[in-house]
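What follows is one structure encoded as structure tokens, with my remarks underneath.
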Amino acid sequence: MLRFFHQLASPKHFYRISGKWIPWLGAACLAFMLAGLYQGLLVAPTDYQQGDSYRIMFVHVPAAWMSLFIYMVMAIAGGIGLVWRIKLAEIMAISSAHVGASFTFLALITGSIWGKPMWGSWWVWDARLTSELILLFLYLGVIALYNAVEDRRTAARATSILALVGVVNIPIIHYSVEWWNTLHQGPTVTKFDAPSIDFRMLIPLLLMAIAFKLFYAVVVLLRARVEVLQRERNTSWVKALVAEHE
Amino acid sequence: MTHYDQTDTLEARDLTCIRDDRSLFSELSFTLKSGQVLLVEGRNGSGKTSLLRILCGIRQPDEGHIHWNGGDIYRLATGFNAVTAWVGHKDGIKLELTARENLVFARSLGTPSGLDIAEALDAMELGGFDDVSAINLSAGQKRRLALARLLVTRSPLWILDEPFTSLDTHGISLIESMINKHLVDGGMLAVTSHHTVTLDSNDITRINLSA
Amino acid sequence: MKPATLPQAFSILLRRDLTLAYRRRSEMINPLLFFVLVTALFPLGISADPALLREIGPGIIWVAALLASLLSLETVFRSDFDDGSLEQLLLSPHPLSVLMIAKVLAHWLITGLPLLIVAPLLGVLLNLSTAAMKTLLLTLALGTPVLSLIGAIGVALTVGLRKGGTILSLLVLPLYVPVLIFAASAVANSDAGLPVSAHLSLLAALLVLAISLSPAATAASLRISMS
Amino acid sequence: MNEFLHMGGYASYVWSSYAIALVVLLANLVAPLRARRKLLTRLAQREKRAQRMKR
């Protein structure tokens, strides 16, 4: 079975197939996002406590989910690339790093903006935000390592190991930050839970979550295609593509 | 004294090595048997060192396999390391340690050959330097100390990357005689060298990577 | 003649690293001086009020310990990489992860342990109570080995890089966060007379996890950077 | 309509968050596209240079 998977994952094959998939994924992503925005900004009722500021949640929460989800995907893809030495898995791992870091950054910014009206300051050492900040450093570590190593293949394998080490540490870091948070501030006001989840608030949250997942798929495929072109630049099919491109 | 198993074979099949997405060499196959020499030639940057690093297992080939007595060297891992001795561009000796301390440590990383440290140093014409800290040795003496690890360990397969660098003509002939004895004992050698290597064995397979 | 047994190879490597460090004694002092100096800066930067120092003392000492350990990590593989003996380690007939434990243990004995010896002095500087001092030593004893073990992975990943040192801190410091949190809060708790057994057991758990997982990760990282 | 824009007084917070989200998403979309174009032109130049050298 692995032999088949190895054949399928030939760069040339991957490049062609992903080229076909991207437009569909993009359209679906747009559709879900528009539906999510419509539901979130127009249909969902105003919250009796937070008024309309809670609508930031429809961007903040999916982004936070994505930051963790993408790190997991990166670690798993990296692991597969390392163990079975499948080039494509390595490429998918490293292509996820930048978009994962972007979602983490987005979660941090929107989290702090959402917190401002509630607590009056741009940053609060809330457990979730603090874990998100550390996750951002983990991502930046992966990206920095990838750029620091000259040889592309060694760089990809080094970052895969780092991602695996990181993914083992994420739950430990999260637990220790939760522990640290309850130690200093007590589990009171800074709970970040969404307001009493009214069903009509849940829909936009899920729609946006699906939209972000589709968006990740589009971006990771786009980046992977560039990485494939870069790595296969001496092959005939890439040379043909280059000629075509002019 | 250290007779090796005559039936040892190192078999490489379709080795491919890629650097910066350019293949240094591809579909390279050869077999090395007891008493034989593999001489790797080619211009600088043609991948000579990369090939040797692949042979000894430091670097994995991008394609292809290497078998020692039928077993893949990556599955054998430490088993293959036990039969291999590697001397690269760098000497691999600690400057703060004395010659004896360096060899004692080198011996712990291989199968001891029964030759004691003093005898090995004498064979390398480093007699009397036992307690001299390596930092005070000349480049040629350091190189000979690095090669002395081949005497204190018993490894049928020697993989030497430019062993003759910084050696004078006398040093080169000293090393060549050591290699000849190794081959007569049934050992094998994979070597790169810019100097012309005059060895007794006529069983030399030449690979030119920039042909 | 059989190859040296694993325990023999382990102890020879450990003794070699300790001899090397002893012969470069002057270099061993640097992380220690850094540790004391950084700790001494905080009162100058914040205030000399004993009550305040006593409260933030544990955190200061632990952050300084983190940075001192980070500073000394380079030495774990740097010289072996430069003179080529790292390649010989990779090609040894012994499992590389076990040899990594020897390397990390040597690094801890050279740089981690001295932090414990100097810590009481810093405890006095920051007006820590004797209870806090005792817990500080306990947390350093449990925590600094974890710093060396995790740090070794980062060093193995960056050993081949020209400017490896700069990104080493970015790779390793986020992974130090759990140790910092449990250790610093343990010392703070004991200062307030609260029980610390939970914190110490969590630190011990981190140590067990680090000992079991990081040598293999360090070995794999080394193989990748050296290839 | 302007009541919608007003967001119950939290307009600046809500709309800045969504604006930043839009910018981050667009940046992530544009970056690989630009990188692909840059790579293709670079490879095309390299190909031309190779041709010239051969002659």
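Letters are used for the chains, namely A, B, C and D, taken in the order the chains are written, and counting of residues starts over at 1 for each.
Note that in this section contacts are C-beta pairs under 8 Å (C-beta built on N, C-alpha and C of every residue); 3 or more make two chains touch, one makes a residue touch a chain.
Because the structure is a prediction, the values reported are computed rather than measured.
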Identity of the chain that, by mean CA position, is farthest from subunit A: B
Most centrally placed chain, judged by C-alpha centres: C
Chain pair showing more contacts of the two, A-B and A-C: A-C
Centre-of-Cα separation between subunit B and subunit A, whole angstrom: 47
Intercentroid distance (Cα basis), subunit D paired with subunit C, Å: 42
Cα-centroid distance, subunit A relative to subunit C, in whole angstrom: 32
Inter-chain centre distance, subunit A versus subunit D - centres from mean C-alpha coordinates, in Å: 17
Contacts with two or more other chains, residues of subunit A listed in rising order: 230, 233
Touching two or more other chains - residues of subunit D: none
Junction residues of subunit C - those touching two or more other chains: 227
Touching pairs - complete list by chain label: A-B, A-C, A-D, B-C
Residues of subunit B touching subunit A in the complex: 18-23, 60, 62
Subunit A-facing residues of subunit C, complex: 153, 157-158, 160-161, 163-164, 167, 170-171, 173-175, 177-178, 181-182, 185, 202, 206, 209, 213, 217, 220-221, 224-225, 227
Subunit A-touching residues of subunit D, taken from the complex the two chains share: 4, 7-10, 13-14, 16-18, 20-21, 24-25, 27-29, 31-33, 35-36, 39-41, 43-44, 47
Touching residues on subunit C, where the partner in the complex is subunit B: 1-4, 8-9, 12-13, 16, 19-20, 23-24, 79, 82-85, 87-95, 223, 226-227
Interface residues, subunit A side, partner subunit C - complex: 82, 134, 137-138, 140-141, 144-145, 148-149, 154, 157-158, 161-162, 164-166, 168-169, 172-173, 175-177, 179-180, 183
